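Dropping a structure here in structure tokens format, bear with me for questions.
All chains are identified by letter, namely A, B, C and D, in their written order; residue positions are counted from 1 within each chain.
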Amino acid sequence: MKKTSRVLLTILTIAVFISACSTGSPAAPAEPEPQANGEKTGETLKIGVVSPMSGPGATAGKYITNGVKLIEEKLKAEGGLLVGDTRYPIEFVYEDNEAKEETTTNVYQKLINQDNVIGIVGPDMSKAILAAGPIAQSAGVVAVGTFTTNEAVTQVGDYIFRACFIDPFQGRAAATYAWDTGYKTAAVIYNNADAYSKGLYENFELAFTELGGEVVEVQAYSGSDIKDYNVQLTKIKAANPEVVFIPNMFTEIPLQVRQARELGITAPFIGGDSMDAPEVAQLAGFENIAGTAYVSAFSPDNPDPVAQEFVKAFNDAYGMNPNSNAVLAYEATMMILESIKNAATIDRKGVRDAMASLKDLHLPSGTITVGPDRNPIKGAAILMYNAEGVPEFVVNVNP
Amino acid sequence: MATILSIKNLTIKFGGLVAVEDFSADVQEGELLAIIGPNGAGKTTVFNMLTGIYKPTSGTIEMEGKNLIGLRPNQFAANGLARTFQNIRLFHNATVVDNIKMAYTLHSLEQFFPALLRTKSIVEQERELDIEVMRLLKIFNLDQQADLLSKNLPYGPQRKLEIVRAMMLKPKILLLDEPVAGMNAVEIDEIASLIRRIREKFNMTIILIEHHMNFVMPLADRIKVLDFGRTIAEGNPAEIQRNPKVIEAYLGGGYNAIA
Amino acid sequence: MTTFFQLLIYGLQLGSVYALLALGYTMVYGIVGMINFAHGDFLMIGALSTVFLAMAFMSTSGTLSALQVIAIILIAMIGTGLVGVIVEAVAYKPLRDRPRMTALITAVGVSMFLQNFPRALPFIGPNPRPFPRLFPLIQYNIGGVTITSTQLIMLFLSLLLMFILYYVVNKTPLGAQMRAVSMDKDAALLMGININVIISMTFFIGAALASSSGIFYASIYPQVDVYMGGWLGTKSFIAAVLGGIGDIRGAMLGGFILGISEIFATSINSNFGYMIGFIVLILILLFKPAGLLGKFSIEKV
Amino acid sequence: MKIPKHLSKSVLPIIGFAAIYGLIMLLKSFGIANNYHIQILMFAGVNIMMTLSLNVVNGFTGQFSIGHAGFMSLGAYGSAIITTLLLKPSVIPSSMQIPVFLLSLFIGGLVAALVGFLIGLPTLKLKGDYLAIVTLAFGEIVRAGLRLIEPIGAARGMIGVPTYANLAWIFTFVALTLFVVRNVIYSRYGRAWIAIRDNEIAAEAMGIDTTRYKIISFTFSAFIAGVAGGLYAHVVSFIQPDTFSFVKSSDLLVFLYAGGSGSLTGSIVGALLLTALPEALRFLASWRLVIYALVLIIVMLYRPKGLTGGYELPFLRIHRKELYEGAADPTVPEAEEGE
């Protein structure tokens, strides 16, 4: 090998590291100087937003980013977040975690040490925040998971919060709804490679049998790469249940619904909150999805003014209804901003303490209070797809 | 002179086709047996059977009374049969020295875990080996190229290296498959003298495939002639040269290599 | 018994998908001698472009006529074929005489690019899209065993394509040249064969095949996104090797066996199905070390 | 003054490693480097070990494994089970934590090695792509298996693995791996592997028991992968089966061949660069992986033998001349320099 190219190689290596080391400018505490209206300008506060922008999870990433961008625009217009008589410019740092744990830990380290953010929104997947949570915990930075419904998430430490409800509640909600609607027998098809899907299934079965129902058939498949569910569905058809529970990813559900209908399974479906994506209806076909109910963090038909205001803003900005991903990202961000407002001292510790005692915060999905286990005490809505593939509000489920 | 290798009625079929039929020979210690014959006569096939690469359909190979049929090639080598290849098969991305050291694997006593830590004893064994290899290389004056990658050697020395590598196995019999194929007169003489040196220095028993007559004749003690897989003649060089069958086979085969 | 045949049909359905993909895969391998990890992404391009083409046609007339469907399929196949040719020319050609691993890694890079480039494009993006129905869906019921028109079409087409490909490679002058190239490039060159043209042709056919399998795949599992090709590519590689890589009939057989074994494994126990599928694969290879139809070539010594 | 060669050979690299580590710590104390960079380095370290492990099988023995993530996961789970379930930090005195950690790594390695041996025994007679498929299948089987074992969290994965592994440990293990791999390469075993790689038929004819040496190579490689997996688990503190998917295996292949297979330096450079690059490209936002892919393609086009093109750092080579340093008769049997 030529000496020159060896030298070049060394240079390249160094170059890459230097560029990796390009430290984000630590926010310098600007001396607050009074403005015309007597307002002072505080130092810029940074908030990290972690979501999958590439990789199969990228769809969720778009909703999450859009949800947060709404707030960003609003704050820009207002010139920052007003705390007392001081306005703090807020800067959002969006990072891609490819829906991988490893990358998420890198992103957390970057946000905390490079951008020194005051708090982190996301990621949306339990597995990702389970891997990265300890970093935020040890660094003492508030992290608010958006869609991280796995119980264990907030047990990582007292700096880890979430904006969503947890699997046991969701599974119970689905079971209760099924039971109350009068279904006595249920079947389940779930992804045994996916903690979310598995967790929901287990909690559903627990609750449903407690209520007196019977789970007549349970079928599994391994991984989102599987696209053929005929075998599992044939067995489910044979068991002839009154309802089928499909607690799976929104990319998997449409094919399951389609294939089930093609096999002649007429029983209605119930799904988890991941079903709350506009794509589901289009992909599954309206005639197939009609009558399918799911547990959702949020209903666009929610008459509450705050909710309606949010839905309108989202529609104006992106020409579509927000889904749970967007709502939860929005709410997680609001939780951080609110905590900054309530914070005794505007620093990471202060924000954490303030968030631990958040009470009656009025958000699109309802009024939330952060419980002792750092899970928001909040209800869920049951939605059902109508013949036009539009989810309609059915009933509210309260904790 | 004792028989060290006795081959009886070796026959091999590929599909229906008989490649070699009833090949028998008793190889005497220290002799040089040459197997000649036109292309496609099945000479290399015989070698492949004698080194375990092909399993004969029938027949026996006994090395000092031990039956070798069914053993794997490396076990043939372990029993003292070392070969070279018609189409050179060196370890091309290794240096000349390493090529030869690789043929010593069989005899090496290096243990795995000491090797991991490269203990003193490993270093000593490696040094001993290196000295031995360099001595060998000197004998065949390849020592100047010791640290070259074998693929960077010229053609002639590559063939030479293959022979030296086979010698490193400390074999009882050396099988040379067309050692002078594609060489010029000078190189051929060099190989010839090399073979002579091997014979007197190590009293090595050699089986040699070649159709280059004026190379074989002066070297061989005994010659077997193959044609279409059958042995058509056997005897010392003088007899073979006079044998009409052989001449027929060669001329019939359009062969003009007869001196 | 009916369940058995029902499962068999599902197996054949899944198998025909793998088989179709494996065909192009094994052909490229057999002739160019490289593992094209991007093959699965050609499938994605085929399916995705079909979605857009269908949209375009639909925008004019609400529905698709049989003629339009054929047109769409042909355009998609040709388009993908050209992509294949370009990829080969840019990323593989310069490495033709290099160790095959080099080309393999380039292929990984190409695959990454083909997935992430459209994803990053605003008008395509990561969202999965519904796939238009190109073939009418009719269900037949034979003695309790249901079989759909799509399944029949898939089976028929995969067999048809296999025979066409087999004919092209073994009976036509082009095929003869292809085989010559696959055996010995230099010799082929001396025979006055333009290797570059032949290899480009090979990639064209390979990619076109992949694209067609993408279309049929999406017709059965009507959901398309930029990542759909990744795992399928791997599966088709497995199928091709299982059948004896480089062997067209082998690829077919491998595909079907893979599909059928997966389906039956799942029916034994849906929890273990995935695992059993791979165990079967290993067992087969232990007993047929060169794949089902591949025979051990005795190396010239 | 001049340091004697055999000393410089053994001591300088250690000093070098220590120096680099010291430098990083210095940069950290100045706030130039921070935990972000340190973590990237730790992942890079683990990847270097994985790439070296793959290099033993693919690069030196010339086999074709594409399921190495399987061994990694075995090591990761093997060691995590010990430190998280059996001897968790809460139940052992803090003085025992490090010994337990090291023990767990060792056991993780053993588990991987054992499985490597068992899977290699029947399958290593397979050639090329057929072996590749088997290793791939093996990786998937391990992954699918781990998903179903409830006590270790099944698909949920293992939470709260103690973060014992810090940069110092990673450095130590990378150095150790380099040391042993180099040594074994320049011994009877390494030579046998290279012989098999360069020409299997000739290797057999030269009395090398190819099957045996392939299995040794496979098992050794699996052990390294297992230890690397163990380290990984104790860096991330959370492992779940899908972390060790085929994607991981193919990443490793990329590191190996982009760096330069058959060269230890290549594994270092490949893993180091390609682990850092995606992070360095963050400013490209959603175009990041597109550019990464292009860079990869260009690298392979312009350096088909990998970035290092077979070059080996001095302390990762052992020239036969060194055999005679400090020997009774230090005269090297003369031979001119080659290459």
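Here is the rule we go by: contacts are C-beta pairs under 8 Å (C-beta built on N, C-alpha and C of every residue); 3 or more make two chains touch, one makes a residue touch a chain.
If you're wondering where the values come from, they're calculated on a predicted model, not measured in any experiment.
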item	value
Given chain A and chain D, the chains that contact each of them	C
Chain whose averaged C-alpha position falls nearest the assembly-wide average	D
Which of A-C and C-D has more C-beta contact pairs	C-D
Remotest chain, chain C as reference, centres from CA atoms	B
Intercentroid distance (Cα basis), chain B paired with chain A, Å	72
Euclidean distance of C-alpha centroids - chain B vs chain C, Å	48
Centre-of-Cα separation between chain D and chain C, whole angstrom	34
Mean-CA-position distance for chain C and chain A (Å)	36
Chain B: positions in contact with at least two other chains	53, 85
Chain A: positions in contact with at least two other chains	54, 192, 222-223
Contacts with 2+ other chains: residues of chain C	116, 119-120, 271, 274-275, 301
Residue ranges of chain D touching chain C (in the complex, touch as defined)	58, 122-123, 125-127, 129-130, 132-134, 136-138, 140-141, 144-145, 148, 201, 246, 250, 253-254, 257-258, 261, 286-287, 289-290, 292-294, 296-297, 300-301, 304-305
Chain D-touching residues of chain A, taken from the complex the two chains share	1, 5-6, 9, 12-13, 16-17, 19-21, 23, 53-54, 94-96, 98, 100-103, 105-106, 109-110, 112-114, 127, 130-131, 134-135, 139, 150, 152, 156, 192-195, 198-199, 222-223
Chain B residues within the chain D interface of the complex	51, 53, 72-74, 76-78, 82-83, 85, 89-95, 97-98, 101-106, 108, 110, 112, 115-118, 122-123, 126-127, 130-131, 134-135, 137-138, 143-149, 152, 165-166, 169
Sites on chain C touched by chain A in the complex	3, 6-7, 10, 13-14, 116, 119-120, 125-130, 137, 139, 146, 148, 221-223, 225, 227, 231, 263, 266-267, 270-271, 273-275
Residue ranges of chain D touching chain A (in the complex, touch as defined)	31-37, 39-40, 43, 144, 147-148, 154-157, 159-160, 163, 236-238, 240-243, 269, 272-273, 276-280, 282, 285-286, 288-289, 303, 307-311
